[in-house]
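What follows is a set of structures for review.
In the two complexes that follow, chain A is the common piece, with chain B as its partner first and chain C second.
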Partner chain A sequence: MSTAWQFYFSTLAIYLAVDIMAVWGLNLQFGVAGISSFAFIMFQAIGAYVASVLTLGPAQPTSFQQYIGGANLPFPLPLLAAGLAGGLLALVVGLISLRRLRTDYQAMVMLVISLTATYVVDNETHLFNGPAGLSLVPKPLFDSLGLSLISYQWFYVGLSAVICVLIYLVVRRFTGSPLGRAMRAARDNEHAAAALGKNVLALRMTAFVAGGVIAGISGAVFVDFIGAWSPGSWLYPETFVYFTAILVGGTGNNVGVAVGALLVPIGFLEATRYLPNIGYPGFVDALEWVAVGVLALIFLWFWPRGVIPERKRRFPRAGEERRRFGVLALRGRS
Partner chain B sequence: MSLFVASLGFGLVTASILAVAAVGFTLQFGVTNILNLAFGDIMTAAAFMGYIATTNGASIWLALAVGGAFGALFSVLLNRLLYTPFVRRGTRLFGMIIVTIAVSLIIQNGIQAIWGPSFFSLKFSPGHSYHVLGSMVFTTAQFGIMGIAVVAMLGVYGLLRYTKLGKAMRATASDPALARSCGIATDRVIDVAWVLSGALCGIAGIALAMNVTSFTSTTGGTFLIAIVAAAVLGGVGQAYGAMLGALTIGITSEVAAGLIAPAWKQVVAFAVLVAVLLVRPQGILSEVAEDKEVVA
Partner chain C sequence: MTDLLAVRDIRKSFGGVHAVDGVSLSVPQGSTTGLIGPNGAGKSTALGVIAGALRADGGTVEFDGDDISGLPPMNRARRGLIRTFQTSSPFSRLTVLENLLVAAQNNPGETLLGAVLLGKRSWRRHERELVDRARELMAQFEMTDKEDEWAGNLSGGQKRLLEIMRGLMARPKLLLLDEPMAGVNPTLARGIEGHLERLRHDGLTMLMIEHELGVVERLCDRVIVMAQGKVISEGTMESLRTEQEVLDAYLVG
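Let's turn to the complex of A and B:
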């Protein structure tokens, strides 16, 4: 394989890993806990920002870019801090919007939160360096490993794959456990879950914050790879792309949404990259967004449950429990 | 002090535009139970229709009529051809949000594909400037915007309060099934609601384009922050509440913009929204929010 193709495929693989982590985070919030998390991209963005400033080193007043904080932490620490930041932001957003709002109302409020965040970041340049964002973020371990550029690419593919697997294990701890079952119960029938003594708000907040942590980590993996952060790459339509991926893949199903991440952000958006460059710069991008919107509508119309729908969970009646226990133990996890 | 008075003037104009938009948005939700998040982008589309009209020599008043007609037609068709079929197919609350956001993306990027990412302005002369109160200055066009808002608000008030149609709309808003069994043709009422709110949306779009010096494909989308804030503050689905909300948000945000920095305009709108959500999520006038169970 020529070096150019190696670069291309390794880059795609890293993007795919980032997108899969992100849809797992969003699926935990939306698919499992039923929260209309339309501010999702903010959690990824803040994770990416925190990871950048913690690797860039202390801010210099003479530098061309301004940022808050700034430290030079060794590799895994910025990643963990990014997760922490994503979780904290999710906690704040959750306190505003998770408490008493109906699904669509909640989505509207989250959307407005996301729009306002973009607006503030773009206009208050002294906070986050405005639309220019950050650049020259050092790649983790690049100096100490001493690899060639292409070997480093493949090393990073491996690194993001490992992080992806770790996140999958965590996500499964949620979805395959009694906690996940309680979350789904609160999603499907809030009042019934509350009547059975489940704390619906606490369940939602847990899923929301956990999703925020995962989003923050995915943002850190992304920004450490491309080495730049700009508010323009974290607009609310990006959240919409992840939602489309979840809808296409199958809401609530971890494997399904990962397939969705392969089909929508990667497959669909990469395929359009090879369109000839017609019109003015940005014309194809605009058409791409139109196409994403149309794709979401088509899927909602024809396959509202996605390519791989969430498994219908069956639970035995009280009397059947002992007889079918062996089968249940095998099928109980998902 | 003079800065305060001047920004109070801007605030009145912004509040007028916001009132027209927020009443349209909230009527749409109240009567049809669909939170149409493409509202801001339909405003942008109307502004571009106004742009076509004014560049072809139409006066700004004709452009306002064009914008209103476009908004009305577009909204009623959008509901008939897309939203209603999805609702009939069983798409529920969250699904409908995805549908309206998809529509918003399609409109916004469709506009960008056609006209490009550059800035546009309506071709009209704002007319003579009048000093009203110290440093408060209004142009003829701004007086026009405020006049339109006052007429629109009185019109909506009169319609809802004194006409049979208005009564039917209120009945449909509070209980569609009961309204139907009382012999109200709710489908037709809903159509009328889309025409009316769409017209308000289109007029607000042109007024917004008149008031900002230049607009782009994202202008209406950003204005959605203020619309939502005003509608939520007033109690979503409440036309009079939205008027109150628009006055509050419009004036406080412009005063903050004048006294602190322009970027604070949206931040103040947002801060009010957050405060309302924390303290009284059903809004000032809360009947509809409680009927529709948007807050628990």
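Let's turn to the complex of A and C:
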């Protein structure tokens, strides 16, 4: 394979890992807990910003970019801080929007928060360098490893895959446990859940913050790879790309939404890259958003459960127990 | 008999309408109490206030010796005050078995500590016990073959049964039933009545809204009659049948 193709495929693989992490985070919030998390992209964005500024050194007064909190921290501290930042932001947004509001209003509030955040970061240029964004973020371990550019690409594919697997193991502890079941119950009928003693707000906040942490980490993995991040990368339509991925893949199913991440942000949007350039410059790019919207509508109308629907949890009976647990043992204890 | 539930002078208005206008009632430990009255009498509103789903404008609700007037529904449920809903409220995208499991109280696997930090080993044994208990319950209610069905796909009558089973899975001290047979065919209604009769025989305390007076007569030890937001009478069904005020309420309402 030529170096150019290797760059292309390794880059796609890293994007895929980032998108899969992100849809797992969003699936916890939307698919499992039923929160219309229309501010989702913010959690990824704050993770990316925090990872960037903590990896960069302190901003110099004469430098081309201005930002807060340059700290020169070594990998993986910026990554962990990004998760923390995503979780904290989710905590704040959750406390504003998940209490005392009907779910349709929650969606509105989140959309407004997402739009507001873009304006704030655009205009308060001392925070994260405004619309120009941050760039020249050092790649983690690049200097100490001393790899060639292409070898580093593949190293980073492996690194993001490992982070992806770790996140999956945590996500499964949510979705495969009685906690996840209680979240799904609160999703299906909050009044009935409360009448059975469930703390609906706590369940939603838990899913929301966990999703925020995961989104923050995904943002850090992304920005450490491409080395730049600006408000143009996290406009609110990006949230709907992830929502579409979840609807296409199968709301509530971890494997399904991962397939959705492969089909929508990677497959579908990458395919439009090969469309001939028609109309004025940027016309095809704009069509992407139309296409994503149409795709979401088609699935909502004709295939609402997605490609791999939420599966039924069956419980082994006494006779089946050994065999079923044998299979589970192979899959790992989580 | 001591009173498990004691409601004093509760009031609830919607706009200018006094849906519940100074209702006091009590439910003795171990009894099955019926709550009857014409449409719009305020029965469901009273039940909503007792369960905490509606915030009362005044009055107190005492349960098991404690004043629970200020508590939200989840805390009342955790104390053993469990309700069912007039319109079935299954968790549609959970299976029947999962609907039951989720109703169990104090599940170590439902905490962040148990589910995420400690992992499956910390709750697997408890989960198996719950599954066994849920299967017993399904066997009693002849729903065993529906175990893996999505709750949203059940028929109307099966959803009513699920609603009662789910309430029982929470191990209630008091079960509030809001028209447990509403909208099901007569055969199934008799089936549900049989199940309730069995629960009564087992000593479960119940407060039940029901329109079908024959059912109330067969199931309930005591009956409370409401009309226009007030309690107008109480006693056994037999004694109530002779009261003019009760008859009027039904004829007028």
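Here is the rule we use: the second predicted complex is superposed on the first by the 311 of 334 C-alpha atoms of A that agree within 3 Å, B and C clash if a C-alpha of one lies under 4 Å from a C-alpha of the other, contacts with A are read in each partner's own complex, and residues count from 1 in each chain.
Throughout what follows, contacts are C-beta pairs under 8 Å (C-beta built on N, C-alpha and C of every residue); 3 or more make two chains touch, one makes a residue touch a chain.
It should be emphasised that the depicted structure is a prediction, and the values quoted were computed from it without experimental measurement.
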Touched partner set for A:280, first chain B, second chain C, both or neither: first
Most chain A residues touched (candidates chain B, chain C): B
Chain B versus chain C as contact partner of A:310, first or second or both or neither: second
Touching partner for A:293 - first (chain B), second (chain C), both, neither: first
First, second, both or neither for A:178, with chain B first and chain C second: second
Which of chain B and chain C A:146 touches, first, second, both or neither: neither
Contact residues of chain A, present in both the chain B and the chain C interface: none
Chain A to chain B touching residues, read off their complex: 36, 38, 96-97, 99-105, 107-109, 111-113, 115-116, 119-120, 123-124, 190, 237, 240, 243, 247, 279-280, 282-283, 285-290, 292-294, 296-297, 300-301, 304
Residue ranges of chain A touching chain C (in the complex, touch as defined): 170, 173-174, 176-182, 184-185, 187-189, 191-200, 206, 252, 310, 312-315, 333-334
Residue ranges of chain C touching chain A (in the complex, touch as defined): 51, 53, 72-75, 77-78, 82-83, 85, 89-95, 97-99, 101-103, 105, 107, 109-112, 114-116, 119-121, 123, 127, 131, 148, 150, 166, 170
Sites on chain B touched by chain A in the complex: 35, 37, 82, 86, 89, 91-99, 101-106, 108-110, 112-113, 116-117, 221-222, 224-225, 228-229, 232, 236, 261-263, 266-267, 270, 273-274, 277-278, 281, 292-296
